[in-house]
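My structure is below; once you've seen it, I'll send some questions.
Chains here go by letter, A, B, C and D, matching the order in which they are written, and residues are numbered from 1 within each.
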């Protein structure tokens, strides 16, 4: 069971360069076994080309390393904060993918402009506030998790399965490591489309509310009819 | 004959990721056998890497599934609406290709700015109006087909072999599934060029009418002289 | 000798998709044997994946087809006009490469903004005027050649080895088919860079004259010192 | 030892096209053996596809060629000027990578906008002043090195491991040829992100100072905790 999760997390990490989401080691995926309370995450700074499944690090939800010869990703405390807060999450991804990061640097939420966005996100993809000097000086990575939670507020994270952290970059999540990667790919693509749309038409407003609602519920609501009956998306 | 169409539709679907037009499963191609009144279309939500020719779904023009173990594409009703209205169509493509979708999201027709555009499209590539809340709440995918038809109005769809649906994305078509894919590739490329041209020169107007007419008729008119005598384009 | 030129022109044509300069069949390369007065050019509308060296078409400078089972490129008359006017040309390329075409559609010369440009072009890359309705209705492809010549005026075409034709796209040339392709690649890359530079700084003016002159002469002047002694560039 | 440096410099040069940083021969990497005072650099104008480790040129710090059958890179004098001034440098890279060059052409420093930038650069990536006509007419390549040094002023070059030379393009460096290439890749990526961020939000200011400082010191300060204990980055 743990071995299977390790393999899933490893493969999900390897999917990041395959999808063009990472330069060098700028990204990480984790997954969680809720029954055992075990989190599996990429080691810090290990090149993707050399990475093995056996390099993954296993921790408990308090961040104690239980298995693995490497340090865990430097963003581990952010992942753990989110897992502790949201029991519905099974996987989390962080990247510095080009267009999503550009929105984070611009300090702007990625506006919902079309059905591509609405097929996955029930609203704009929010941008967090900036962390204060005190938050950055303190438990920085944990505060990054906290500001994500503060920004999501009462939102269901599976309805807003990604966010951009101010002046930093995107985080995304899902019910599994795979789904979290899927949402990272979508986030990057809608970030690119939104940039181009706003460049074509700077006066652009958001997608019509009824169209947003239709597409999100077509894939995610109780009456979803996209895909085959036995698949999640 | 049906087997041949199934193979063509399968190959045309596989051409979408090969041309960089789709992320995950965001695209579909269909083809029609006019004599038998049979439409072949991609199944919904099946990954391209796993898709086989035998996964294609066969329907009649009313949408009754005649063959196939999967649900047809969730956009099937749009395809059928167009096939019923335009007897000259042999293939239809829908994608969320990046630049064409950006124009759809911007709510703007893609202006005819050069001969690349004019070699395939006799005018601007129109953007439909938005669907009303009632249309979205009703037979949404069929209404998408209807608004395309409403936008084309008296146009010959083979002279305007593609469109962008407001806040959604591009549809294209042709006399065969292959030609529909070809036009999807062109639509994406002219969408990218038009964005860059407008960024360089925001005051840009359309291509000179005599140049537009010359290029379109050079390839499509009765006196076409591009290509070899026995090829369509 | 002719066989060697045919092979060179074939390989130069195959280099266009390898460099990402063409979509489908939107490009062509020709070469000339000045001693025999023979021009070799790509056939019209033949897909690159199927093209063989034996598909190339051989013509004289008046456009009479001497060898080959296919029609020559529909742009042949443009190539011939340039070969007749400029004895120093050994190869010509036409593409619809994305960024160079975007400048053509924008109706703007590509400004010399940096040393990348200056290493190959002694000045801005000009944009021709638009052709008149009469010119388009007449010998259109030949008029395209004429307007290029009109725009170059007294310029040495080897100092301005490319141009963008208004609302159409780029042509480039060189002492050989290979060099013409090289200049097509450079033209596309400097077109992309110039777009981005102007987007970053809309008030941008041209490169300092002394820097332009230095870089062009470093590679092309009598005292060139770039590269090895026995190579042209 | 020299043989090992030659191999490193060769491999670092070959990494440039692998990372998409060079068109044709527009780039070069050098490395230095400080004990022997030997610099190894790419030959001028030799295509990457044909380049062998044995084509590298070995010089002393005064520019005397000690080994190699080719001329050294035309930018050699710039590399030497930097090696003489900064004993901490072990490798230097020059490219005309698209987005970094676009900033150089725009005459603008690349602003520090996010943590991707701050993980490698302690401040903006500066843009040099333009060289005067006299400097260009004189020892041009050496003056390029001098203006880089003038611009860095009192900065530690390992805290600002790259720069854009006005109307020319980027130079980067590091403690080894590999690290210099790594910084060239980062420079190009942050140049692209910064362009897009400024396009999304033209009023954009710089990253919060405390976040910049945090990220730079997390990777580079005495208390760095990114990566594994035995790795440099």
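Keep in mind that, in the parts below, a contact is a pair of C-beta atoms (placed from the backbone, for glycine too) under 8 Å apart; a residue touches a chain by one contact, two chains touch by 3 or more.
The structure presented is a predicted model; accordingly, all values stated were derived computationally and were not measured.
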Chain copies touching (subunit A, subunit D) - same or different residues, decided at half shared: different
Most widely separated chain from subunit A, with each centre as the mean of CA atoms: C
Chain centre separation in whole Å, for subunit C relative to subunit A (CA means): 46
Inter-chain centre distance, subunit C versus subunit D - centres from mean C-alpha coordinates, in Å: 32
Sites on subunit D at which at least two other chains make contact: 198-199
Chain contact graph, described as a line, ring, star, complete graph or other shape: ring
Pairs of chains, among all present, that meet the touch criterion: A-B, A-D, B-C, C-D
Residues of subunit A that touch subunit B when the two form their complex: 113-116, 182, 185-186, 189, 192-194, 196-201, 204, 207-208, 210-211, 214, 218, 225-229, 231, 233
Touching residues (chain side subunit C, partner subunit B) in the complex: 23-26, 43-46, 70-71, 74, 96, 98-99, 101-108, 130-131, 133, 136-137, 140, 167-169, 195, 198-199
